[in-house]
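Single-structure report; data block below.
First chain written, first letter: the chains are A, B, C, D, E, F, G, H, I and J, and each begins at residue 1.
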Amino acid sequence: MLYMVHMQVNIPASLPKAEADRLKVEEKAFAQKLQHDGKWRHLWRVAGQYANYSVFDVAGNDELHDLLTALPLYPYMAIQVTPLAQHPSAIAAN
Amino acid sequence: MLYMVHMQVNIPASLPKAEADRLKVEEKAFAQKLQHDGKWRHLWRVAGQYANYSVFDVAGNDELHDLLTALPLYPYMAIQVTPLAQHPSAIAAN
Amino acid sequence: MLYMVHMQVNIPASLPKAEADRLKVEEKAFAQKLQHDGKWRHLWRVAGQYANYSVFDVAGNDELHDLLTALPLYPYMAIQVTPLAQHPSAIAAN
Amino acid sequence: MLYMVHMQVNIPASLPKAEADRLKVEEKAFAQKLQHDGKWRHLWRVAGQYANYSVFDVAGNDELHDLLTALPLYPYMAIQVTPLAQHPSAIAAN
Amino acid sequence: MLYMVHMQVNIPASLPKAEADRLKVEEKAFAQKLQHDGKWRHLWRVAGQYANYSVFDVAGNDELHDLLTALPLYPYMAIQVTPLAQHPSAIAAN
Amino acid sequence: MLYMVHMQVNIPASLPKAEADRLKVEEKAFAQKLQHDGKWRHLWRVAGQYANYSVFDVAGNDELHDLLTALPLYPYMAIQVTPLAQHPSAIAAN
Amino acid sequence: MLYMVHMQVNIPASLPKAEADRLKVEEKAFAQKLQHDGKWRHLWRVAGQYANYSVFDVAGNDELHDLLTALPLYPYMAIQVTPLAQHPSAIAAN
Amino acid sequence: MLYMVHMQVNIPASLPKAEADRLKVEEKAFAQKLQHDGKWRHLWRVAGQYANYSVFDVAGNDELHDLLTALPLYPYMAIQVTPLAQHPSAIAAN
Amino acid sequence: MLYMVHMQVNIPASLPKAEADRLKVEEKAFAQKLQHDGKWRHLWRVAGQYANYSVFDVAGNDELHDLLTALPLYPYMAIQVTPLAQHPSAIAAN
Amino acid sequence: MLYMVHMQVNIPASLPKAEADRLKVEEKAFAQKLQHDGKWRHLWRVAGQYANYSVFDVAGNDELHDLLTALPLYPYMAIQVTPLAQHPSAIAAN
């Protein structure tokens, strides 16, 4: 099942740089693992912003919530979730 | 080059049903042609709304504009465009 | 799987009253059928508005979209969908 | 009497982790007590957010306010309250 | 129990003037009856707008909804309801 | 002359608790004095929020501004003022 | 007593041009009379919009409301009122 | 040339009181000088807020920007500028 | 003097197509004349929308207002104006 | 390819002045280099704000993102990007 997810990252100035850098490394590794697993199907950068549009392919709302809250940068993200359905004009199945 | 496009369809009650139906048939055919051509890479329905999230893969801003304004339902759509860049954590190239 | 759904009904003044009344009767019958089927788990009126908060229990995004777009009043509704996950402090399973 | 309540939790980075953890434990215990008492009828997590949709069943506005402001995490929450009425198409009484 | 109610009136140009005038007369009579009954405790005009702030004193959410939807101008109003609780610094009981 | 005033209190975490407590005591005393003087005609708590709706009865804009800025918690409030006029359907004079 | 008033004019396409022209002539005459009377102290056009910022000098909220609702174009205006107080740094009295 | 300027002052709690007081004194002196020079034509307090509506009379956009950014409190202000044109119904020239 | 102008065109469905087409032809001619005159310095289409961002170079607010309101499509446009000043890092004078 | 970019600078009070000054010097040098390179085609100050409207001329979304995130003040900016297309009434090519 697919979900459009918009993530906006806001790392506070009070977070030590070393801690922020560590979180970003962990975030990247986790994001790539989820992509390899097929859970995080698409990941695009919003041009000019520390933000992304992503498409997740998961079993449902609970798995989506578990994955998103497990992101290392989750505490510093504003996340919006939009559930996606099959579009009747799409030539590919979701 | 990729763009996230959000389309919200608002067909006015004053449009005759036959005309609306004709436009929808043309819209579907055109959307499927663009998907087969690889220009309209993804097309998802927003659950519960007459709206979609789409990803277009075009040469640039002008081609994107030309395609969107050529949509049969374009006069009845509110469209938001977000340019997408390569995300450093993405395992696939845009 | 649960979804919070907010529906705001806006019947245009141009819709003949007999047609509006017929749609409302059909809407009520359909809503009650879905409640009896366990798909539309909760239905509450927002005090002072022609709007409701509802909780749907469906297989996923596609079934939710199919049910919502099948509502007789769907063409006259503004709908917002929020996917719900299990809350760790809830004493009941979703 | 029922109320839809949306709670968004924003724990500031300046709150010591031990204090935050203690508040979360107390919040969970209090939330579960209110659910067992039948005051907090439903509690759902908003997928992807540190937020919930809840339904309270209380004697009125004053009891609702007393319960919400007694939540251990209340000082760190943005709360929106929507009073609910009986929906004429609902098959169950509120 | 008290509720703050904000009503914004938007009478469409397509409503015949005689019908609008009749509804306004009925609205005034009904509003005054509810004030005499003690249900509609306060009624103030928002300066410069066809809008009012009102305070209702009713048994609960259902009675409030029944009264508001019975207003003759209800189909042409945008209504916002805010439940009010006793303020600890108020010298009068609600 | 009447004004609807909405006050939202946002006490920053950096304010020492003793100072906040002192301000709240002063605020309550001042609010009650103004109520006894007839200047602060109504004071209601917004259910679920550290906010209130109030009605002030003062000579005009300047007196209103002087009273509001004299509130001990004024530096921590977001205030919205709406001037009220006599409503033609009100059975009581403002 | 002074008020900042923002008026946005939205004349519907369904209003016959002759009627619109008549209203505009009456609006201008009334606006100029109020300026000569000293009630409508300032009147400025918002560049690029069918809108104005105005300052009214009236006895209070009721007189302001009476004047604004007497404007010939009032039914086609969205009006926002902001009460003004004496600024401590102003070299002129309001 | 006239501009409507809305200034909202937000002095952070972290600014030492002595520094804030010094800035306010300088702000007042500068504001009064500009008024005497005829550049800052009007200055009104928004009732209930640490904000003002002002009208500036300057040679153009550049002079306006230079004056506003020279305000001692400029770093702590949110400023909105609206260019004003001559209103055809105004009895005075801008 | 420069101004950033955002124009959003909303031609109502009730406008006859021949009239709309005539207005568009006149709009194009007028827009090109103003560009040749150096008044309308830049004109860009917003991708995916019937909207543009434009930069006008005029004597001041009044001339800007006169030009914008003279646009044949002005009655069907929502226009936002932002006055521009010389940027200290710009290598070209405005 | 052209993009309209709106940048709003928000330098936090916690950033040491020397560091802020250094960033501003670097920002200016980088901005001027990009202008000389023809990448940053226009740069205008928004009157009364620490903000600018800019037009970038780059190969596409990726180059735009790379340039914007390389700005020394990027961590303190809120950036909005609007892709621009050729306007059919423009007398110059983009």
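In the analysis below, a residue touches a chain if its C-beta (ideal position, glycine included) is under 8 Å from a C-beta of that chain, and two chains touch if they have at least 3 such contacts.
Because the structure is a prediction, the values reported are computed rather than measured.
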item: Given chain C and chain F, the chains that contact each of them; value: D, E
item: Most widely separated chain from chain H, with each centre as the mean of CA atoms; value: C
item: Counterpart interface for H-I, drawn from B-J, B-C or A-J and sharing over half of its contact pairs; value: B-J
item: Angle (degrees, nearest 5) of the CA superposition of chain H onto chain I; value: 180
item: Whole-Å gap separating chain E and chain H, where each centre is the average of the chain's CA atoms; value: 39
item: Computed distance of Cα centres, chain J from chain E, in Å; value: 50
item: Between chain D and chain G, centroid-to-centroid distance (C-alpha), Å; value: 45
item: Intercentroid distance (Cα basis), chain E paired with chain D, Å; value: 29
item: Residues of chain C engaged with two or more neighbouring chains; value: 2-3, 14, 45, 47-48, 61-62, 64-65, 81-86, 94
item: Pairs of chains satisfying the touch condition; value: A-B, A-C, A-D, A-J, B-C, B-I, B-J, C-D, C-E, D-E, D-F, E-F, E-G, F-G, F-H, G-H, G-I, H-I, H-J, I-J
item: Interface residues, chain D side, partner chain F - complex; value: 3, 5, 12, 14-15, 61-62, 64-65, 68-69, 79-81
item: Interfacial residue positions of chain A with respect to chain B in the complex; value: 2, 4, 27-28, 31-32, 35-36, 42-47, 52-53, 55, 82-92, 94
item: For the chain I and chain H complex, residues of the former touching the latter; value: 1-3, 60-62, 64-66, 81-86, 94
item: Sites on chain D touched by chain A in the complex; value: 13-14, 45, 47-49
